[in-house]
Amino acid sequence: MTGSTRYVLRGVAPLGGEPTDLLLADGIIAAIGTDAVRAALDTDVSDRARGMAHAGSDTEAVEIDGAGLVALPGLVDLHTHLREPGREDAETVASGTRAAALGGFTAVHAMANTTPVADTAGVVEQVWRLGQDAGWVDVHPVGAVSVALAGEHLAELGAMAASAARVRVFSDDGKCIADPVLMRRALEYVKAFDGVIAQHAQEPRLTADAQMHEGIVSAELGLTGWPAVAEEAIIARDVLLAEHVGSRLHVCHLSTAGSVDLVRWAKARGIDVTAEVTPHHLLLTDELARGYDPVYKVNPPLRTAADVEAVRAGLADGTIDIVATDHAPHTREDKDCEWAAAAAGMTGLETALSVVQQTMVDTGRLTWADVARVMSSAPAAIGRITGGDRPQGRPITVGEPANLTLVDPAARWTVVPEVQATASANSPFRGRELPGRVVATFLRGRATVLAGQAVPQADAGSPGAAGSAYPTTARNA
Amino acid sequence: MRHLLSTADLDRATAIHILDTAAQMAATQSREIKKLPTLRGRTVINLFFEDSTRTRISFETAAKRLSADVINFSAKGSSVSKGESLKDTALTLQAMGADAVVVRHQASGAPHTLAHAGWVDGAVINAGDGTHQHPTQALLDAYTIRRHLAVAGGAGGGGTLDPSGRDLAGLKVAIVGDVLHSRVARSNVLLLRTLGADVTLVAPPTLIPVGVEAWPCRVSYHLDDVLRAEQPDAIMMLRVQRERMGAGGSGGGAFFPNPLEYTRGFGLDARRLALLPEHAIVMHPGPMNRGLEISADAADSRRAVIVEQVANGVAVRMAVLYLLLAGDAAEPKLVDERVGIA
Amino acid sequence: MSSGPVLPPASSPAERWAAPSASTGSRIVLGAPEIGRALTRIAHEILERNRGGAELVLLGIPTRGLPLAHRLADRLAAVEPGLDAAAIVGSLDVTMYRDDLHRHPTRTIGATRLPPSGIDGLVVVLVDDVLYSGRTIRAALDAISDLGRPRAVQLAALVDRGHRELPIRPDYVGKNLPTSHGERVWVLLEETDGEDAVLIETAPIKGESR
């Protein structure tokens, strides 16, 4: 390819505002507004006529009819499980990131609980390279906090930070950093490189063999309960630790009303804490466990209707900063069995935006501009990827990288897990009709999704943006 | 009634029908020839993932007394082992052609999964799943209570009047012990309430589940108070596990400081036995920890019906097997036949 | 086939359930007086055949065979000195011995109660309302053999409607009613249905033969 394709997006509504035209060229947003776009295109034409070809100008720009579509900055997921290395039977970096692109994402943070665990520079660089090779989204590996996620010794956080993967988010997700001294050390240590500890808040002894939320439903079903206090007690401890050592803390998949209250209190005190909520916790409750269908088994568990309302309110008022999918694919064997034997986790990359639209936008609690904040700019900020070589979560203005997703909010579709791009079928939204469809996704001006379909990444090795700092294999750019 | 998974699925009429049918079955068991040809040609599979000789033998006896063929499958699987999964076992059994699968499993909900996953065609009978339900135990408990107590006025010595068609309205039952981990308690609370009885749970706070507020019963932490104030007609002692009572091993997770303190507070001994009304019966699902939740005096007293419960278990299970298997499989509903079809 | 007097609308749910609707063309073949006379005659025949009422047991097959057995016992006791009607009647439920259980929705099991004398060495007279294919009686014979060893077993039926499928014949019959398979015979008794009548219904009703 001698130059990258240019795209003209006609009549899209950036952040749900007034419809306008956008020109994507050379990996950036080259022009906004009908006149500006025309002028830019005319410049190209006259340059060609004068023999001053420059990259991308030798082909016609591709027009995309964006009537009725909302343009959002490419979504950034701070919490995804890509399962590779180790559990490629459930998902690979390639299949997972393709699913992410179809869900409107242009960057994902891949959690460290792989096999082997991502607790060294070697493993995180491997994951980072796999993401590059696949080319669907930018993959930012998350580094483990403790060696082998054992919760005993700090992993080589510095080495991971300095590696090619430039890890900034560290988490033992899947497990809780329960030892208060280890948590303190980790919070202190990452200050040196502006890292953040993302805690999976689950007191292990209070949740020994826990299967679902502890409450009326669990008492009836005879399933061991996972009490809300096991999440809240850890959050309470960690925000105070973060305050004491002057570090920042991120709370993964917040699920209870009490947790929302704690984060609200901590922020009012000036503690540097951020929090995420998953799409499934915005919609589903523990009543779904009644059929003993393990597709509803997840960690932290589905909670009560009161908790669902509290996290929605928390997301709306900014107490909860972002939505993160906690996309957790599992093979059929791990879910096609009795509840206690089943793995915990739900897929979510391809349904996240729709669920957020249904629960928060269509109910009037968030605008599309808010969605851009909670699903793009804020997660990018927490992950420290708003700058550097491949910035994400940037505003839709001229000169910014063309990381965009176009959404049709009027579309309705039914979730059929078997036809989803993710390699696993454990979606809790099976059979549900959801609003909003991702029509197109652009990663630095290159289309990864067009007309709702993934665009095969034939030349996935090339970064698709001029002037990349990352070395590529020797080939013509 | 296509499966028997939980007493929550039984309404009053169905429950009484099962008890009445059990009474007819019990009558046949006092004959010299105890065997009936009713389920000849049917196959019942006992699928026991958890050890339980007593319950398995009870179901086996019930099936054989009705001339059904019985296959015993004992699969001791740990909750982590995926060696032979529930699904694979079920598919194997389906290939053998089971009309009914009696399943006991350590995971709550396993029989429900078995009944609805489409792996087996036959009726599924829950013989105890985790801490969830044990419906035939509750049915035999209700049967026992009815046999002894359900005569006019609600109290009175047993057996001479025919209790057919009666429920347990007006009777008071106390269930004492480890309610948190007890499937017997859960099944009994629902069924006894459905039959009109008044239930009080008695246990230390650590053994009462969060969420019990939604259950149709009272809760008390004080056994003596309940005995004196409520004068229950039946007292059901639940089995308590020593390991849970702080008898070493569970460290900070023990539910009780030590077994002795448990017995002092919640054990049925001779003194507490004397607080019960004259006609009251003492029950226990077995196996008993003599000296822990029930003293030898209480277990062997004339008011204890514990051995009879076992016999009633066979009759109740015969009734359940009959009602699930004897009729037209395509139309598995209970019909009270009244018409003289000629 | 004459269309005789049709029953007045039934007044209780049991009667409505038991009684066919007026639109299906049923006719009464036996009224209360005829039933009474038939039972009296059968009672005398039983005493005659068995040379008195000693060593005799009447087992009624629920539902309607049981009240019939009680009525026969009363008539026997009225004629024969020293006979206690209550002491010679029992009920024999045959549900668990039927050979057609899984062709119908699950049946309720009735009571089996033998009289205090038992049945060993005695003459058992089975009493049922309608004799048709004979399968009910076959099941009754199996049930009896599990309960004891009578000296002899005899059969009294209020109505014999023919169409036997097994080699079983009644010893005492109230009325022989030739019928076709498409017809249904209904027996109503005071004790169970509030009145005495035997009806034949000509229109086929959804359901299967016994």
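Order as written gives the chain letters A, B and C; numbering starts at 1 within each chain.
As a working rule, a contact is a pair of C-beta atoms (placed from the backbone, for glycine too) under 8 Å apart; a residue touches a chain by one contact, two chains touch by 3 or more.
Quick caveat, the model's predicted, so the values are computed rather than measured.
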item	value
Chain of greatest Cα-centre distance to subunit A	C
Middle chain, criterion being Cα centroid separation	B
Length of the line joining the C-alpha centres of subunit A and subunit B, rounded to whole Å	49
Distance from the mean Cα position of subunit C to that of subunit A, given in whole angstrom	78
Geometric centre distance via CA averages, subunit C-subunit B, whole Å	39
Of all residues in subunit B, those that touch subunit C in their complex	17, 20-21, 24-25, 27-28, 31, 33, 35-38, 66, 164, 322-323, 326-329, 331-342
Touch list for subunit B against partner subunit A, complex	8, 79-80, 82, 85-87, 105-110, 112-113, 116-117, 129-133, 183, 186, 209-215, 252-253
List of subunit C residues in touch with subunit B within their complex	14, 17-18, 63-64, 93, 95-97, 101-112, 129-130, 132, 142, 146-147, 159, 161, 184-187, 207-210
Contact set on subunit A toward subunit B in their complex	205, 208, 211, 214-225, 227, 291-292, 333, 336-341
